[in-house]
């Protein structure tokens, strides 16, 4: 094509009087950023295709009658662009005011207060009053599911959530509908999320610029439990939380906040602070053995991982015929709940009905997972409440704890011990790497010298590899995001799949960018959190799940052996196709 | 399944259009016409989504975006009254009143017998004979009180004959 | 000299619309036969020389559009005819679609031949459902007679035409929205770039022209660019179908050569025939609801692209809605704005929110509740709509308002003082309700 973009071609543009050279195809927004000029945006998200709908990023291009949106307009050779003229400022201000006229403006009562892109813009443009007629409607708030709350009164119709749900995840639970003033983001026929294909991955939350989509806040239930002296409240923290929680307290993305987080949890009053990493190691022993059993005994292959509840919801709703491929292992969070209310209860001498298990998760689907009727192996709901990383941060702030000033503390015994293999569960490819570290040694009987299996690392959506286990070739694949999962599932359906083992995570990049993580997740931040997880792994002495002494003790004292009777009772589950 | 259309009928309509995704507008128009109540039910939309291999949310977007579709049952005959400026300046609002009086309903409502729904639509290109209304494929212009009465009676008669 | 010039509307009402035989008897398919003996570039040159400007409203030079698509190497290329005529006051495409479909088909075949396209699509608005049937019959007859389908007129050229229906969305007249609609999606406009010539229908290079533009093609080829150009003004070739409606004696579609005046169109006895019921003209609205409103002082403007533009007016779709002195400008604008509120796709802020707010303030004027401060707000809204809307719909939605405010400021001021000169507004207060 003659007009194809040639990235090797350079273009000279002048922005606000400063000349610069950028590669062809660079947008005005990117070119301006290079010059230290920040053009305000609202609907734009660096990971998503530009929608150019809010029009806040409009700028003047000399010779053009109309303003141009900088998020999607590539610079042309010789362009003279003005980003801060009177006309531009006035247009932006009017646009912000028009948006606000159709917005509740109840910032004080909003979960995004202080962390809202619209609020920030209104502040920057010093909006003191909105001169236009208030047109905001009184739409009902949808909160009839355990994970996600949608308040469409606050929606500014940027379309990011639609892009994520339709294109990145291809779940298509929500979409645009209607037009003009009625234009909205909705499910089909306005059905509840529970009746829709929604899998509660919460990726829509992470891209929402305002408070229109949020997690269901369960902090009050946790405060209540903590305030009750008759209840023994234990908490588990998922691997990916520790490399993201710092972002809520102005630390660099990817900084390792494990010790401070443990200290904060203890200050909040949790009776025991445990680690989901413990049951991540346990998962490897169960799942690794399940894989070997399937391979040697002719079970259904490829086997697929089952840690990600968004993924489980997805396959149950979209591909129920492939459920036999999914490992019967519960997710580490649910294994933890079952172990806490049985093994730990017994050991600590506390009746399980007095134990309250809280999970800190990077995930919104976990909130739904813990309410599943099959997740009551202890005789009680195994995990009582799931809080997202964001909710934990809220509690720490409410308690007035200065995260930066807290001294690192250690997890409690016995469910606080873990290996490097467990912490990398938080990244796409991590479960696979952890499993391979163990399976290799179990199968070959040899020590795996180099545990850094780099071929399964990184944010790439689909990764494939072949591993040689003393002559047995094991073919593996790793997918993150449901669009990529779908690609693999279609291959399996078509019989074009000779993998043995597949790791699937619902969220792009894995749990580190789950729907419960701090706002502002972008690919750049994903990279940082990823780096944080692998840094923790490499800093540890024990890096293979089967070397976890506490897990081994659990088998000795309680479970007996992987895939044993008790394991099946407590650590494994079953799935059902779910119509939507 | 909803009382109006059977699954086989919907599959037949889709089949006629070779099950092509891009024929969705024409498929939904046909379903709406065949429904007898000028609408597309959620269950029918779901069949369309499944057969065309597109998410239901995309069918819903189409149904709610285009003004000719309704997701709620309407009268057997939808009387579409033009409320664009060219008809307005030639006394369009008087025509609205005539229909409202003659039918005993307000704009946007359906008669109790389910025969007529009265609704506003934008210009349908009959400005030279405004004020104009459209019922199904037929356009009626230069409307007067007498013509409105006559028109409604003719539809009532057709409907009685069909019974 | 007659002010009417039936060139492309000559067959309307004179032949059975779907009859290939009758169409041929009045000179039909001559343009196509000639074109099939020409090189594609010669055809494009002929159209360029005829200075045919797009008749949908934007007046983009058709020859240049064809040239741009021709320069793109990727294939297949699609031909699309925009028959989503939705501008209130416009019904000229309807005339052609209904009375002379084979002329449109001929134009589309010539375009198909130029770009070696295998498929052409005509997107006809859902409201023209009855017309779609007649058009399909014309296509079927053309196929039967060897003008469409395989080996057209014994050549190697194969080409099929498909009718696609709209379902009630004015914004689908915007070409990228129209392509989305043909693909079976909601008809919201696409982000540009990429442009449609590069990434159009089903992601392929695509030509989109209006019905009237296609209807001109065969005439240009058969009579030649020079002759064609002689009917218009030096920069606006040919004729234009104008649609007269409102308070005019003879509403209807008329084909006029560029170069007549607005006064001719409204008052000439062969055309509008003056104002109904012996009343006086107050203003006229050109080119559809997205076009400008003109006043008496602009009546002697020549009807051609250049002169109208110089006077702040526009050919647009060819609509001429005529209003007499009984019409209140602000009340009229409320109806115009209501139309855009109904038709905005809703995706961009200026159009979705702007039209609502524009209406709210106009409503205040008609209720005697407006203040002078509202002028500032009106300007801010209309500015941001014109300058920052996503597509042509929002950009043009405040054009009528802007031109009315310019031409009829005194009427706005009168409303501020609680008076409606036309006696339309405040009637409730006056009646003491």
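Just so it is clear, A, B and C label the chains in written order, and each chain counts residues from 1 on its own.
The rule we apply is simple: a contact is a pair of C-beta atoms (placed from the backbone, for glycine too) under 8 Å apart; a residue touches a chain by one contact, two chains touch by 3 or more.
Because the structure is predicted, anything quoted here is derived from the model rather than measured.
The chains in contact with chain B as well as with chain C are A. Looking at A-C alongside A-B, one finds more C-beta pairs in contact between the chains of A-C.
Put simply, the C-alpha centre of chain B and that of chain C have 25 angstrom between them. Averaging C-alpha coordinates per chain places the centre of chain A 49 Å away from that of chain C.
If you average the Cα atoms of chain A and of chain B, the two centres end up 45 Å apart. Among the residues of chain B, those in touch with two or more other chains are 58, 61, 65.
Listed for chain C are residues 169, 186, 188, 342-343, 345, each touching two or more other chains. Shared interface positions of chain A, defined as residues touching 2 or more other chains, are 176, 178-179, 182.
Residues 1-3, 49-56, 58, 65-67, 69, 72-74, 87, 90-91, 94-95, 98-99, 101-102, 131-133, 135, 157, 159, 176, 178-183 of chain A are the ones that touch chain C when the two sit in their complex.
Considering their complex, residues 71-74, 169, 171, 186, 188, 191, 193, 198, 341-350, 352-357, 360, 377, 380-381, 383-384, 386-390, 395 of chain C touch chain A.
Put simply, chain B touches chain A in their complex at residues 42, 45, 55-61, 64-65, 71. Across the interface of their complex, chain B is touched by residues 85-91, 94, 126-130, 164-170, 181-188, 243-247, 251-253, 285, 289, 319, 321, 323, 327, 332, 335-336, 338-339, 342-343, 345 of chain C.
For chain B in complex with chain C, the touching residues are 21-26, 28-29, 52, 54, 58, 61-62, 65-69, 83-86, 88-90, 121-130, 134, 137-138.
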